[in-house]
Amino acid sequence: MRAGFGLLLMSMMLACTPESSRESALTTETASSGTLSIYTVNYPLAYMADRIVGSRGDVSFPAPPDVDPATWSPGPETIIDYQQADLILLNGAGYAAWVTNASLPRSRLVDTTARIADRLIPIESSVTHSHGPTGDHSHSGTAFTTWLDLEIAIEQARAVLDALVRTRPKHEEEFRQAFTDLEAEFRDIDTKLVAATKRLDSQPVLFSHPVYQYFERRYKVNGYAVHWEPDALPVTALWVQLKAVLREHPAKIMIWESDPLPETRRRLMELGIVSVVMRPGGNKPAEGDLLDLLQKGIAALEGATKI
Amino acid sequence: MKGIFYLAWRYLAYNRWKTSILVGSIMLIIYLPVGLNVVVEESGEHLMARAEATPLLVGAKGSPLELVLNSLYFSLETPELMDYAAASSIIESGLAKAIPLYVRFRSREQPIVGTSIEYFGFRDLQLASGRLPALLGECVLGAAAALELGVAVGDSVVSSPETAFDLAGIYPLKMSVVGLLAPNFTPDDDAIFIDVKTAWVIEGLGHGHQDLARPEAASAVLRRSEDGIVANASVVQFNEISESNIDTFHFHGDLGGYPLTAVVAVPNDQKSGVILMGRYVDGEAQSQIIRPNDVVDDLLDTILTIQQFIVAAVIIVAIATIATAALVFLLSLRLRRREIDTIGKIGGGRWQVASMLLTEVVIVLILGSSLALGLTVLTWRYGSTIIERFVLT
Amino acid sequence: MIDIEDLQFHYADGDFRLDIPRLKVNQGERVAVVGPSGSGKTTLLNLIAGIARPQSGRISTGATDLLALDDGKVRDFRIENIGLVFQEFELLEYLDVLDNVLLPYRINNSLRLDTTVVQRARDLLDSVGIGDKHDRHPEHLSQGEKQRAAVCRALLVKPPLLLADEPTGNLDPMNKDRVLDILLAYASDNGATLVTVTHDRNLLDRFERIVDFEQFLGHGPGH
């Protein structure tokens, strides 16, 4: 009896030893020194970040090359990669809707157009419905190819700079110098775009898709956007619609985000419309970089306005 | 001495009810003040550890205690709600990291904690399996929550409706379990963690619905025109977020006005913390900022005062109990007169008899004390868990 | 075995007085003590056993002058040399039969309890017919079984002197004979002295000698 009680007491004492087993550490926290890990939602931001951070960071933009990052939705594993980054650069203006439905560390998100929200261009969407406690509402949005206004692109780059300086203040000088160099190149492009679009002299212009709002506003282009896919021959109805548009908006140039089909190009020529490719550059180009892309666009526009 | 002990033990064993009552009384007399002290100390340490790990808490003006209990211990009582903009404003100030909390909903008895991904690093929570939430509608469960709900990675949990009859209000949302946390021995073990936006979906502030361009949605369409499609209130909303419908989920209006129950502010340094606190000193401010440490400290002071009263009462009862036990003992001596005489006649001396009686008392005291010790040890081990589970929540 | 001379005893309240000028019991004698109630028969047994001390006189048991010993030594002497059997059995209710029999060995340090003693106790219980009830408590025994258990307790130490105070007083006729048989057989087999107080005249012819306490009444200062 006595022995039994003693055993009971001992086992109670042993049971009270707190458990202290730990799994391998999990953290979404990142190191405060060392190479920065930067993730972006589109190529232009990746380009800007890469130019400014230089060797102090690794920039990742994991969207596959054949997708439009504006509508791309990464899988959970890719989102986990984003979560581990030191900085996550967002375009803002509703670009990359997947961000809204993803779990990202708020303190490491950088909305590169947050400070210039008043300069963003709102657009009305197509669905109005009534449900839930709030009653009638529609899905309104914002134009998101912000970098096509090079002044906004500079502001976005500045937001990237500020984030980098906040995160790695000891490299501030280095970052600022890199930003200054980039800003100068952006200004050069901006000047060339001003000159190239000036030659349009307010002539009406068509856009294959409504993705040139910022370009249109900054460079005072008299544009009208249709919804034509470069890799698809427009159906008859679209040509009929186009002719109706041309009656009010007699454009001679149509700006495409990528090469249209030769047949489309030919039929447009029959209507007196020259096709000009100005790639917005949301995703990484097969060759060259963002500046090369913009330069090519300027060259194409210049070529069309000489005609 | 062995013989005396044997006789004493046989007497106690034979009179098991009387012995049990005496042992139980001794146990209670010792355990109540000691156990209470252990509970209060352990709970206090536990509470304080949790509070100390939370530098600052921002919430709507109201009861600081309610704010702390809901934010740190996920209590049922929801404090006044505040706007998500408060979290943004803290981040933008550059003074602190801001971790939003929306602790309002439950899945059965388990609290659903809407927060951000940074919560896990802040609380040093470790994954036992799976991963952290990446998308809307995903959840990660604390170890105890997973056990209670009987779920593993790949299963799902459903949020409980707030009321049965509010058909247009909060409805159940089915969420995918993508990860389980390792035991942390804090209230986090009982929680279901989701992104704060998923919590807003539960509330109905965010939703996903049919593609109105599809034929299946025809009955929900009022009219179609060049400008767009106008739908009516019968449009089907999804109560589960999946890969096929996640892209339809959206939020209306400015997220800054969406509700939170609190924001955990982790200042960059002490100076930043002081500056941040200064921003809320203004009486016009809509929110309050508190140090959970201070609130829990006040709570523990109150508990200590109550404890002292209880201990005083227990001591009085103990004196009365001891006096009663002594009386019972003396009365039983009278009843055992004949037994004592028999032992004396057979050859047992006064010392033997006294030793036997004293041994009975000592055995009762040892048993009572041992049980009290055992209970105290159990209390030390589980007391704070019981307090958290059944008192604070 | 027992030698009493000029023994005078009275209780503290003074109402009763016992005065025995001379009483001698030889080793091995089987003596019945009879007399009216209240004449002091039980007191005599208590004095012989050393449970009570006389105010004056001499009393020796065996070769031991009990009055020369202190209380502790008297108790040791008693437990090693005298077996006591009581009318009311005097078993402890919280001990089973075996433990009751072994009681003397547990309450006195002069006796050593070992397996030999335990086996002897079991054998004694077997010999009186209650060996199968060794683990029962007294409340589950009949009167005769209780007294037999009490007798075993008295006999366990192999005492040279047995003092039995009305051992058959609460028993039915069959058990009376049975218990007395056990006591007498022990005395006979072991050469022990048996002094039995009894009111039962039917049993007297089983004793060698009868001491009538009438003879001691009327003696002493109060008579």
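Lettered A, B and C in written order, each chain numbered from 1.
The rule is short, and it goes like this: contacts are C-beta pairs under 8 Å (C-beta built on N, C-alpha and C of every residue); 3 or more make two chains touch, one makes a residue touch a chain.
Quick caveat, the model's predicted, so the values are computed rather than measured.
*Asks:* Which touching groups survive when subunit B is ignored?
*Replies:* A | C
*Asks:* Could you work out which chain's C-alpha centre is the most distant one from the centre of subunit C?
*Replies:* Most remote chain from subunit C, centroid-wise, comes out as A.
*Asks:* So, what's the distance in Å between the C-alpha centres of subunit B and subunit A?
*Replies:* Spacing between the chain centres: roughly 44 Å.
*Asks:* Averaging over Cα atoms per chain, report the distance between subunit B and subunit C in Å.
*Replies:* 72
*Asks:* State, to the nearest whole Å, the distance from the C-alpha centre of subunit A to the C-alpha centre of subunit C.
*Replies:* Centres of subunit A and subunit C (C-alpha means) sit 113 Å apart.
*Asks:* Within the complex, which stretch of subunit C touches subunit B?
*Replies:* Within the complex, subunit C touches subunit B at residues 49, 51, 71-72, 75-76, 78-79, 84, 86, 90, 92-95, 99, 103-108, 113, 137, 153.
*Asks:* Given the complex with subunit C, which residues does subunit B contribute to the contact?
*Replies:* Touching subunit C from subunit B are residues 3-4, 6-7, 10-11, 13-15, 338-339, 342-349, 352, 356.
*Asks:* Going by the contact rule set out above, which residues of subunit A touch subunit B in the complex?
*Replies:* 1, 5, 8-9, 12-13, 15-16, 18-19, 22-29, 73, 76-77, 79-80, 83, 97-98, 100-107, 124-134, 137-139, 166
*Asks:* Using the touch definition from the top, list the residues of subunit B that touch subunit A in their complex.
*Replies:* It comes out as residues 9, 87, 91, 94, 97-100, 116-118, 120-121, 124-128, 131-136, 138, 168-169, 178, 182-183, 185, 195, 197, 204, 207, 209, 212, 220, 227-233, 235, 237, 246-247, 249-253, 370, 373-374, 377-378, 380-381.
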